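Below, each structure is written out as structure tokens.
You will see subunit A twice below: alongside subunit B first, and alongside subunit C after that.
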Partner chain A sequence: MTDESQLSVLSSVGAARRAHRRQSPRRRREAVLGYAFLAPVTLVLLALLGYPLVKALIMSLHRQYVGFDVAPFVGLRNYVDIVHDPTYWHAFQNTIVFTVASVVLKLGLGLLTAIVLNREFRGRGLARSVVLIPWALPTVVTVLVWSWMYNDSFGLVNHLLSGLHLAKPHSWLGDPSTAMPAVVVVDVWRGFPFFALILLAGLQGIPEELYEVASIDGAGRWRQFRYVTWPGIATVALVVTLLSTIWTLNEFSLIWVLTQGGPGDATTVLSVLTFKAAFLGNKLSYGVAVSATLLPIVVLLILALVRAVNRREATT
Partner chain B sequence: MTMNEQPDGAESPQADPKRYTRRQALRWSAGTLGALAAGPTLLAGCGNGSSGKKSGGRKHVSMWLMKYYVPEANTVIEKAAQEAADKGGFTVDIQWLPFENSSYAKWSAAVQANQMPDIGMPVGYPAQYWAMGKVVDVSDLFDEIGKDGGGWFDYVKDDPTINGKQWWIPLFNETAFGFYRKDVFAAKGITAPIGDLDQLLHAAQQVTDPAKKMYGLGLAMSHGDWAHNLPPVLWAFGASLQDKDGRIVSDSPEFVDAITWYTDLYLKYKVTPPGAPSWTPASNNQEYAAGTIAFAANTGSILGTIRKDKPDILKNTVLGPWGQRGGNGPFAVTNLPGVFITKTSKAQDEAKAVIKSIMSPTYYKQFLVAAQSNFLPVLKGYLDLPFFTQDALNSQIVKEILPAARTRWWPYKATPTFSEVDSQVLWGKMLQRITTQHWSPKQAVDEFTKAAKDINDKYRQLYPNLYG
Partner chain C sequence: MSRAVRTRTMKAERRGSAVRSGVVLALILIGVLLPVYWMVLTSIKPNSELYDAKSIMVVHHPTATHYVDLFATTDFARQLVNSFVVATSATVITVVVGTLGAYSIAHLRYRGRSTAAAGIFFAYLVPPTLLLIPLYTVFAQLDILNRWAGLILAYLTLTVPFCTWMLRGYLQNVPWELEEAAMVDGCGRLRALRSVVLPLIAPGLTAGALFSFTLAWNEYLYAFVFTNKSTAATAPVGLASLVLGDVFLWGQIMAGAVVTAIPILLIYLFGQRFVVGGLTAGAVKG
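Here is the complex of A and B:
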């Protein structure tokens, strides 16, 4: 680079800086306004999430029993206890099994439903409404209905299976080998419409011409799905999967109402273990520490979610 | 772009100073929203609890009570509380909590946040809340109610007494005993009630027929054992959770034997329904009323249900305590639900008036009758009511079952340790470990004992004089 051109560049930079300084009062006002808009949400988040979170993390470093005024500082003792607690690791394993099984099945069933609902057929509007019912019902209502259906003496599931001579009456929620699958089924039933809804919106954004071109090129159904449909909804699928993973990782009410984490601890996931330890076992700080161990995973998922959303915004 | 143009195309605010610009509107909105968002949060943070607060200038009494299965009895309590409020010029409300673990959790949260009601009936015994320093001395009220009701039964007096003072008022006696389907047992040549535990097992084996949806014994193998089926079995084996000095003794060989016998009913003999490890507190009532079990042990709530809805089952039902074993027993198990006044209450006198009204002769008689055998009196003056003397089943409960009854905390007292173990139905996990997760009884008992001893250590450090 010549001296002349260097001077020219420096001169441009200087001009830009001067321009920036001239605009900075306005920019500052813009920034202040932006912060003012963010302030209410930030304050609410700080008050309702930040404060309890910090307080909870501090509590996890103490030995705090419910109702006791004295809570000695114990450092990382609660976390050390967690590492040596087989119940924790069992709950951790259950959390992974429950989350992975639920999300994979919800994605599969949701995608299938979305593809079907994206086709032209009589009664499509009604079908789209009906599919949403499981998602629209309050969780507790859904769970109580399923709980009754699973009842070993009076439940519909046993009635149908034994009526068709397919299986003997079974205690679906009372047998550890079937309790977790039974819980997953309820979560999938309740959650797949959300996947279907979002993926259907994604499918509707794919131009029809792409299918026509693919068809002219001789692509069959599977190749059309692989090279047109899936790339068109992949980012949406990623976003909805990440969202659902975060929700499912934290799922509590469904499992609690169905099994209370039992039998034994066959369906105890980390959220249930937190509740049991803190509010039933009165070991508040231990329960908080259990909960805090999920935090890094959730933070990573949220970062991945934000990245996926940004990528989607960039592509659209 | 000229100097007066805005980058986003908006006009300069200086163009017309009187004009209310979009930016000003947005600024105002942002400020207002911020204040609105922050205001309630800050105010909530400054709050000091809900109990005893004034409502329209009058004091207010809030109550959390367990919702029993007999709505008529709950209505009597509501009337009595309202009458006290009307007379005393204050207001009252009752929140009925369901018989679920969630109610215990609600109490835990309320205690930790110091947001308790004025009057509380917790899940299980109130002793743990005494230990936390959350309840007030109600000795004077206890004495007054005792005088009005012909005196407290001795075993009831022990219940709320700690260090010579009374800290809660036992409301009623809820005794659990056996309900036998005499027709089902008679079909196999067996006469019910059955006075021996091993004979009960033998009889249950004979009447169990899964193909006909009939099981001998309807016993919860879960946290749903709120009827406390386990203690009478423990006692019959010579075991108990705590000894006469309040020490946890659940690691005794007798305790393991009792647990083995109890869980074998499900695992080995298969005389309980397959869903027993996931039963809720209501399951045994439902199964007995549905005619799928030949024996259930519960409070009079079953009697209330079948009196109302299942006269054919009522006709074929006989009552009796749990059978004896090796000379121990027979036994029935008594619960004494009590109410306390919280230390945070700003309406303690009003709260006392409410409790006094509920326990007054006028309302207490109504309450016992409305409860349809679910509850028995804790005061001596009410056992000779026609309701208890003229009805054959009620009379049997009073004459034959009550003498066999022991309080849940027998042979010691309702310590905070017992209160916490009992409230959590801690043995439910032990039963599930054995029946569903293939743990040996010894392993499961060891885990249970460790949990109980941890709780005991917590309280023993604070109140060493409570324990021997």
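Here is the complex of A and C:
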């Protein structure tokens, strides 16, 4: 199982530590096996994630176009250009609006769904399966169904809204003022089941006795939620919110297939701008720099996530 | 059932809220199912009914024309094969690599183990948009754009960190005394791993495989950028190109959507137990 090339890499781990480990052959064998088993995943991560990540940062300091081998070093020039690029700031604003609106709604709807699924009733397993569907469907399938539903003349959305006298037929994706809300709706539809499922698992971990005690103490439903339910799931809610925020900040496929960032650039978020700059505008390094500007935010979110996860592990 | 009845009769105050949450749940389920219903409905509607506002929620003369046309006039069959090969390969590699890595960081003691664990967690969250362009230039140099190999490698960046992290969650709950006992009985560690540990985390391995396959099958961005030939594309990319084109053939597009969704829906309906367990192990415990 432990192949020799892996072992030879590991033999360079350090002569100093070898002396220490010699005292216990069993521990040494364990460490060798540990490194050997870790080697494939390390290789994948370094070659396919670490290297491209470093390359991305280096590329962002050069000026590289598609089809040209020569890429002169330009220092922070791409980033300076970004700061002075109104297109960038517009996309930045769109990214924040999309992410905040979408994550808040996913959390709200997910929590509501988790609460109604946390009762015992017949067909609960089936209901849970159904709720999972939007999250399981391929994004492209979801998006195509919704773009057809948003169709001006023959779409279900206009049909239902005008049937219920809620709104006149409208080109939801074609109007710059409604395109972003329409995109958010699709992302919420796709993303709330993830929240619902994780929060449901959290709710099921709250002991029933806590509710009994609270109800004996005369706490109404709102106070029970405030003092029993929410403290019981707050950390899980934080973890799932941070995870979703990271994914939503970087969402590309859903928006691209739905609107291509349009109309105009009404739904152009940073990931869409990255793609447009690199593959439609041929400015590879500018595109990389655009996507790299989100990295500090992502890193902060990851650090917050690690803290939240550690807190959860400490309390369970 | 009896408990539900008891709740209703004994706690009159709760009756109102049970009705309320029933209504809320019904609305949620309708909201989830309506788009799915409409997708299937559209795929079997003849064009005459498709573009007729009067028959928007029903079909009078169901037809398989759209499915037949889709396979006859586009590369969709080929794209399904591409998707299947790429997703299956990525899944097999991921489960092997992920199991070894997770066993290593969850159970074996050596220096650098927590750094490795942190690296895997971080890798799980690296934005694909950031890796997209450097991977594109590397794959162009290696001449693996428009090939299965490029997509398989790209998908490993999604599936390996996730699967490893999730399996670590499962392995943390393994009663290690069993492995210890097997080793005392003369089993080597590898044999103990195979015959004691792996069976114990079988649900985790199933979940890992299901998630990896789904991530790869559903992926769009990498497949969209790393393929520019219709015959090299995956099913999601082929489908999306139908709507990004000039003529919208909604019947065909919805037929393709149904076909693309079916493997994933089967996985989730039959493997739901594993999916839910894996989701909570990967996202919350980890």
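Just so we're on the same page, the second predicted complex is superposed on the first by the 273 of 316 C-alpha atoms of A that agree within 3 Å, B and C clash if a C-alpha of one lies under 4 Å from a C-alpha of the other, contacts with A are read in each partner's own complex, and residues count from 1 in each chain.
Going forward, a contact is a pair of C-beta atoms (placed from the backbone, for glycine too) under 8 Å apart; a residue touches a chain by one contact, two chains touch by 3 or more.
In this text the structure is predicted, and so the values were computed from the model without any measurement.
Chemist: Considering only the touch criterion stated at the top, classify A:302 as touching first (subunit B), second (subunit C), both, or neither.
Modeler: Touch status of A:302: second partner only.
Chemist: With the two complexes superposed on chain A, say which partner A:282 touches: subunit B (first), subunit C (second), both, or neither.
Modeler: First partner only, subunit B.
Chemist: Between subunit B and subunit C, whom does A:152 touch in the aligned arrangement: first, second, both, or neither?
Modeler: first
Chemist: Could you tell me if A:104 is touching subunit B, subunit C, both of them or neither one (first, second, both, neither)?
Modeler: So A:104 meets neither subunit B nor subunit C here.
Chemist: With the two structures laid over each other on chain A, which partner does A:176 touch: subunit B (first), subunit C (second), both, or neither?
Modeler: A:176: touches subunit B, not subunit C.
Chemist: So, A:76: does it touch subunit B (first), subunit C (second), both, or neither?
Modeler: It touches nothing on subunit B or subunit C.
Chemist: Go through the superposed model and pick first if A:141 touches only subunit B, second if only subunit C, both, or neither.
Modeler: second
Chemist: Looking at subunit A, does subunit C or subunit B touch more of its residues?
Modeler: Looking at subunit B versus subunit C, the one contacting more residues of subunit A is C.
Chemist: With both complexes overlaid on chain A, does A:31 touch subunit B (first), subunit C (second), both or neither?
Modeler: A:31 contacts subunit C only, not subunit B.
Chemist: Applying the touch criterion given at the start, work out whether A:260 contacts subunit B, subunit C, both or neither, answering first, second, both or neither.
Modeler: A:260: touches subunit B and subunit C.
Chemist: By the touch definition above, which subunit A residues appear in both interfaces, subunit B in one complex and subunit C in the other?
Modeler: 33, 37, 40-41, 44, 48, 151, 153-154, 256, 260, 275, 278-279, 284
Chemist: Which residues, counting only subunit C, touch subunit A once they are in their complex?
Modeler: Contacts found on subunit C: 1, 3-4, 7, 17-18, 21-22, 24-25, 28-29, 31-36, 38-39, 42, 50-53, 56-57, 96-98, 100-101, 103-105, 108-111, 113, 116, 118-123, 125-138, 153-154, 156-157, 160-161, 164, 189-190, 214, 217-218, 220-221, 224-225, 235-237, 239-240, 243-244, 250, 253-254, 257, 260-261, 264-265, 267-269, 272, 275-276, 279-280, 283-286.
Chemist: Write out the stretch or stretches of subunit B touching subunit A in their complex.
Modeler: Touching subunit A: residues 7, 23, 26-27, 30-31, 33-34, 36-38, 41-42, 45, 101-102, 104-105, 108-109, 111-112, 128-129, 131-134, 210, 213, 222-223, 273-279, 287, 290, 292, 420, 424, 429, 432-433, 435-437, 458 of subunit B.
Chemist: In the complex formed with subunit B, which residues of subunit A make contact?
Modeler: By the definition above, subunit A touches subunit B via 26, 33, 36-37, 39-41, 43-44, 47-48, 65-69, 151-154, 169-171, 173-176, 179, 256, 259-260, 262-266, 275, 278-282, 284.
Chemist: Note which residues of subunit A are touching subunit C in the complex, please.
Modeler: 1, 17, 27, 29-31, 33-35, 37-38, 40-42, 44-45, 48-49, 51-53, 55-56, 59, 109, 112-113, 115-117, 119-122, 127-134, 136-149, 151, 153-154, 156, 159, 189, 193-194, 197-198, 201-202, 221, 236, 239-240, 243, 246, 249-250, 252-253, 256-257, 260, 270-271, 274-275, 278-279, 284, 287-288, 291-292, 294-295, 298, 301-302, 305-306, 309, 312-313
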